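Take a look at these structures.
Next, two complexes with chain A in common: one pairs it with chain B, the other with chain C.
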Partner chain A sequence: MAQELLWIFISALLINNFTLAYFLGICPFLGVSNKLDTALRLGLANIFVMIITAVAAWALNTFVLIYAPYLRLISFIIVIASTVQFVEMAIKKWSPELFKALGIFLPLITTNCAILGLALFATNKGYGLIEGIVYALGAGGGVTLALILMAGIREETRVLDIPDVVKGTALSLIVAGILSMAFMGFAGMFSAA
Partner chain B sequence: MTLSMMKTIISSSPFLRSGLSTPRIMWEVVITLVPVVGMAAWVFGISALLMTLVCVLACWMAERIFLPPAPGASVLGDGSAVITGILLALCLPPGFPFWMAFLGGFVAIALGKAMWGGLGHNVFNPALLGRAFLQAAFPGAITTWSAPATSFFALRGSNLALPFLKGESVDAMTGATPLSAMKFTHQAADWQDLLIGQVSGSLGETSGGLFLLLGLYLAWRGLINWRIPVGMIATVGLFSGILYWIDPAHYAPPQFMILAGGLMLGAVYMATDLVSSPLTHKGIWIYAVGIGILVVMIRVWGGLPEGVMYAILLMNAVTPLINRALPTRVYGHASPTS
Partner chain C sequence: MNTPDAHWDVFLKGLWKENPVFVAVLGMCPTLAVTNTAINSLAMGAATFFVLFFSSLLVSLLRKVIAKQVRITTYIVIIATFVSLVDMLLAALVPDIHKELGAFIALIVVNCLILGRQEAFAAKNRVGPALLDAAGMGLGFSMALLMIGVVRELLGSGSLFNIPVFGSSFEPWIVMILPPGGFFTLGFLLLIFNAVAQRRAVASSVTSQS
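Right after this comes the complex of A and B.
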């Protein structure tokens, strides 16, 4: 069991990285990756929301959707978004420090495709509660890893003599492509074992 | 003595120079690569020489187009594009179509160097970037290995394949590389063979012993940071040694892991890229050990037989973060760690 959980974690973290292998959550990856500090906080918010998503998706699948499977997509979106809003209010009341650290990113991230993707993938793979949470940790960690790598490179590019034609979005997209190529090295890992 | 007789020269730092200019360093590295290309030609025949020529030409052309030299500068440039071309050729299999190699060389300079603002600005190693691009674009052609040539002038089967046409000439003589043999059939080659270089593989994946000598020379000349190859090779040896100690039937022995494939080439020439490696010694150690761990992980558990290229590219991506975490001491200021 522990080995299986580790495999789920590493698979979501590196091999099937949500950002660099599945290309989910590209908008924050390109939009909020110009500073390391914000990128890290966005990543943490992502992990947080993903864990809530995993729990919510599991609860919906187990208790509600067995009676109405055709409601899956819409109920995932509504339930996840509202749960995160609710949790955000709870954090604001009980832990202002955490609220400040996660800041605006918490509501921003809820409607991201990576979040819905996580819920749908976890459902497709038939993960239980614990597996789902580990999967969310791995996937969120993978998104965070991609974000801070991207932010590190983009901070570096600020002091470089980047030609005008590639400055800005073009550079971000090319760097994202290069990172994605580098992550191809993890493809197929552990599948033979 | 009047004031006007005193000659005052106003210049900015640095005042002491080592005498080593960028072109000087680059051409010296190019010269050390001559025996490597010679070895490849010895093992793989004329294909190796032509492949090197094609890659160097592509890199040089891309450099001329995207980073035109200043008026009066050498037509050959500062030599860094030549190094990129030779290194790219050394990571390609001998039967690789030349037009693909040309494309790879062009991409290596365009996306690996020019896009970042030229020499000294690239975050990733250009040659490896070109290789990764080729691996993603032509996964079939780049993993078709030919056995060492029978005659020197025999061109490899698919060398002259035309772009976008299905080449009908399929190389009939293929030989598995030591690493793919290990991966798929669990047969480890003799380490003596790997040391001398009579094995199948990419152009630069032949003789581990030759790279050892060149690495020693480059480190002695101060052209590479010895910590990178030492850290990488020690990590690979230690990590694979532990695995081998746990289960010798399943894992390859450490001397095989060190000498097989592109590890020696990567450790001496690729990871040591002055631009894309970290700035501080402590950062260098983290970088080298990280590459070593990733190499073993990808080779042992990954879907691909070889992982040196991806390991170095991944650590190149981490390098900006390492540099941020371990900043260099600003001259005249206290050490940032104290």
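Right after this comes the complex of A and C.
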């Protein structure tokens, strides 16, 4: 059991990295990742929302959607969005510091494809509650890792002399491609064991 | 706004000037995730087109009924409904492709292109222009997906729509059908797009000076 959970975690973190292998959550990856500090906080907010999502998706799948599977997509979106909103209010009240650190990102993330993707993949793989939470931790960690790596590289590229046509999104995409290639190396990590 | 030329412009801007993929860089997840073959790209493009077209129709028809405070939620529910429809349609008609695209069909819901068009255009315009805008943007998006898909399949598998093109001596660039290939292809296409746009801007400034 413990080994299985570890495998789920590592696989979501490195091998099937949400950003670099599944292309989920690319918009913030390309748009926001300019500063290391912002990238880290965005990543943490992502982990946080993903855990809520995993629990919400599990609850919906177990208690509601067995009766009406065709409502899956609509109910996922509405329930995730409103749960995050409630949790946001709760944090604002109980822990202003935490809210200050993550606050602005929460509503942004809610409509992120990585979040809905997590709910859908966890459902397709038939994960239970604990497996779902571990999967969310791994996936969130993977997104954070990708954001931080990208932010670090971008801070460096700012001082380079780059031709005008390459600047901006084109450069980010090519850098992301190289990063993604590096992450493909992790695929061989566990096949030998 | 009522001349035929203006209508034509509403349609055409999605194809080039405001192309959702190459200029606005919207809807990146499906753009990169499912474009490893030309057929998948085509299916994804068609599904997105369908959702965008009918969501715009409905939003434009209901634009006076939807209360301002809940408009985003309403749009999302409308979009999600059409996405569920497309999901089931594809599962019934082309089960193989549906299986390959997997969860990415459902993820059309969070494609920022669709929500963006509802908020920026359909909610403010009559049905006619709204449909033209949706058709232009949808076609522009599908076209971009197909361009990426064709490049990736040609280089990555040496085939086009599953028909081998290069003969047996061609060594496929496997990396192109894997995730990094998606990033590279879009990156280089954007490069070309930027270069062409820049050259055009220079050319037009030269002619306007002379």
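Methods note: the second predicted complex is superposed on the first by the 188 of 193 C-alpha atoms of A that agree within 3 Å, B and C clash if a C-alpha of one lies under 4 Å from a C-alpha of the other, contacts with A are read in each partner's own complex, and residues count from 1 in each chain.
Basically, a contact is a pair of C-beta atoms (placed from the backbone, for glycine too) under 8 Å apart; a residue touches a chain by one contact, two chains touch by 3 or more.
Since the structure is predicted, the reported quantities are computational estimates derived from the model, not experimental observations.
In the superposed model, A:166 makes contact with both chain B and chain C. In the superposition on chain A, contact of A:116 is made with chain C only, not with chain B.
When the shared chain is aligned, chain B comes close enough to touch A:36, but chain C does not. Using the contact criterion defined above for the overlaid structures, shared-chain residue A:156 touches chain B, although it does not reach chain C. Once chain A of one complex is fitted onto chain A of the other, the partner contacts of A:148 are limited to chain B, with no touch recorded for chain C. When the two structures are aligned on the shared chain, A:24 is found in touch with chain C, with no touch to chain B. If you count the residues of chain A touched by chain B and by chain C, you find the higher number for C. Touch criterion met: A:185 reaches chain B, while chain C stays clear of it. Within the superposed three-chain model, A:174 lies in touch with chain B and with chain C [touch as defined at top]. Common to the chain B and chain C interfaces on chain A are residues 166, 171, 174, 178, 181, 184.
Residues 20-27, 30, 70, 72-74, 77-78, 81, 111-113, 116-117, 120-121, 124, 164-166, 169-174, 176-178, 180-181, 184 of chain A are the ones that touch chain C when the two sit in their complex.
Chain B meets chain A in the complex at residues 111, 114-118, 121, 123-124, 129, 132-133, 135-136, 294, 297-298, 301-304, 307, 309-311, 313-314, 316-318, 320-321, 323-324.
Those residues of chain C whose C-beta lies close enough to touch chain A in the complex are 25, 28-29, 31-33, 73, 76-77, 80-81, 83-84, 87-88, 102-103, 106-107, 109-112, 115, 175, 178-184, 186-188, 190-191, 194-195, 198. Every residue of chain A that touches chain B in the complex is listed here, in rising order: 36, 148-149, 152-153, 155-157, 160-163, 166, 171, 174-175, 178-179, 181-193.
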